[in-house]
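The first chain written gets the first letter, and so on, giving A, B, C, D, E and F; residue counts start at 1 in each chain.
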């Protein structure tokens, strides 16, 4: 959907496998900076995802339903083409203190080379989420660790179901 | 000046001793993302600046005069207090691939602790400016190196004047 | 085994696929700092290990047999739960200058979130081992390179057997 | 004071200009790992300190008075010589996610070269303190920012006195 | 082929899956520093390569045919043994600002331990190539993005053929 | 002195305040790669040097006198201009695992922007020297620590003289 006149749209791309409170913190902040924020779930990802794209979209949608100007969709192909289709003025990514920072910068520079007009914005994650990643949450969840502080309840339930654990 | 209704204001803080094409790249991108951008020159800085705050403001103003929604001012004290006075919704900083990244993250986390409502946004600098810093430009300029690719003409002239070199 | 009264126990967790002189340097130093040190081999690991958990435990045990207060066991699930079962007061990890440092910090922060009472201690590896990792030793060993300076003799023999090389 | 028989002593060296909740978090954890912990304030430091060594010792002492097995002293010269005089089995340092990590490793390797028998232990700071440093606290305090979450009350008062601010 | 008398030979090892303008920039600079440069394509690589070793050698050869003192071969086993067979005085690697720098240093230190007499030289890539990697080019190419600025025409064509895209 | 026909000259620039075994390791390796190596001592440096430029040149000369194709000089101004005057084909710098790497890359990229034809080569320091820097040696020497493993005897003597220590 193209932006309305004067409307500023940002795209938050990611694998969201699954969405965590770290992602949500970034999305909530983006929602205060732009008129509309599209959380865009990548169909393909480097690694085999745990959740299908439909599941990842559904969990992201459920986590964001309190945010009136946030919508969730999926994309395949170049993220900058997807952003162009939305008429987005920016890509928004979280920046964790402990993160694959080099990879993020590499992507941002490549995306700038591919689409000069869509800059990548990095928002600092909260210090509390400095160590939080979908991968680590899956690792902890897979061995029955308590993940309730890291992901919304619906995601926690979905992870337990995947790993065959019943709630404590 | 508080923002008008629905107006989104961002503050780009820095020492700007002096402003470079790297800074300008970030400011130009910010000017497309926000209704108004305030380039805010820090009166105090960790190091003894080469240019007075008046000179640094004047050079920044001259470098930004082609940007209609950008203004330049100075500030003393906490940058988040300055941002609050402007009703700013964000602080915007450039993120060079080669930079004092740890220091930037430390400041961003401290500023988040001091003012939860004013997030720090990082914009990737162009790869061409990956190595560009005010300090390095001053180093090269001080020994008569060619700095015309790194700073606007007015800044180049001001640097030559400081170092007592005449134009080539 | 729970600690005796006043006894301080530390757990050194890892994949140890296989144990190297870099690991051993850290274990020997830990053995001087604590009353008892448990080298705990992770059954599961992100990557498919070259050696079975039984082989990894046996090689670690053989490498540590000169250390009276060091024992070797295996664990599955959360390392912090394993540490609690031992009544351990700390997790001990080596910190190589060249290492997956970000990953180590992420794990340490996650483990602190999961078990506040079991801190992670990092011990600097010797500069000579700055570049040493089980992965790199396997890479060099797989093409017949000399690995005798990097791993104990029993491990060297086991690697040669795996790769089908006979001793030089 | 040499350690009693079987007693394990650790030295926490630093400039402590001034002591923060980040330091205290590390000291408290060290106090649970060792029989006795000596917080050792460096007389000399690379930069000109804000507080005299007497003031820094007094503030550290006041911050640690609830910790029965922690004492505070000062040292001049090589930290490893100071640790030897205490019969210490380890130097303990905090490791912030955002910190002068390279400098810390360089010091740890140099200290290992100078005194093989006194290893440096790094303890991860709490994620909440990831951005906390004495320098940043002084910067914020010097312009009247609220530092009550970062330092103990006595330190806050001492900083206000130095900067000539009265309490809010 | 052993070097002629007084001839200095350097080996540029890599996976080259496929060769990019980033690699070529390094090879061209190396060709001005040494009498002969051998671009050596690794048969084995950590990841499953997209192109066969024959394809990777052919693409590298085509990209380097304008460089009179550059030849391309393949190698299996230890790179330092391969370098010794060529009588090489150095291994040459590109150093991107954004790169797997830790991995490169680890390899360089290991190679120094294995073959003291063959140092690893790092050449800075051009800032324009700071973000360029074979992996990223494959990612962008696989979804039909424009890669003509990143790889020579023959490589672009080969990538299109692999991914089943016809030219734009 | 311009290079003879077919002669390859490299410049090793630095502050050398004072020269250490880490520098010497890099210079010795460079001397095997190039026909002639010029160790060039920077007159000016960011920090106030401990030794005068004459002293630094003399100590470097004494440390390199066993290397027939190495000479020592001083330079003021842009290092790339100095390299051009020597007809140098490369600048050579050591790359310590623990070092001001970002600063080195920034300088290398700036120097490439200023003089495309003079590439910067980085040579890995030996793991034993990973932590060695002139600054740290001065710190340790200033408090009477044993620095004989870090610097040549003449440098050790010069440092003792500066700091007023007599030999042990």
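Here, a contact is a pair of C-beta atoms (placed from the backbone, for glycine too) under 8 Å apart; a residue touches a chain by one contact, two chains touch by 3 or more.
This is a predicted model, so every value here is computed, not measured.
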Fewest touching-chain hops separating chain B from chain D: 1
Most widely separated chain from chain B, with each centre as the mean of CA atoms: C
Cα-centroid distance, chain B relative to chain E, in whole angstrom: 39
Between chain D and chain C, distance of the C-alpha-averaged centres to the nearest whole Å: 30
Rounded Å distance between chain D and chain F, as computed from the means of their C-alpha atoms: 35
Chain A and chain F: spacing of chain centres that average the CA atoms, whole Å: 47
Multi-partner residues of chain E (at least 2 other chains): 97-98, 101, 105, 108-109, 113, 127, 130-131
Touch relationships between chains, expressed as pairs: A-B, A-C, A-D, A-E, B-D, B-E, B-F, C-D, C-E, C-F, D-F, E-F
Residue ranges of chain E touching chain B (in the complex, touch as defined): 97-98, 127-128, 130-131
Contacting residues of chain B [partner chain A, same complex]: 8, 29, 32-33, 89-90, 95, 97, 101, 105, 108-109, 112-113, 119-124, 126-127
Chain D-touching residues of chain B, taken from the complex the two chains share: 76-78, 81, 102, 105-110, 113-114
Partner chain A, residues of chain E touching it in the complex: 98-101, 130-133, 136, 140, 143-146, 149
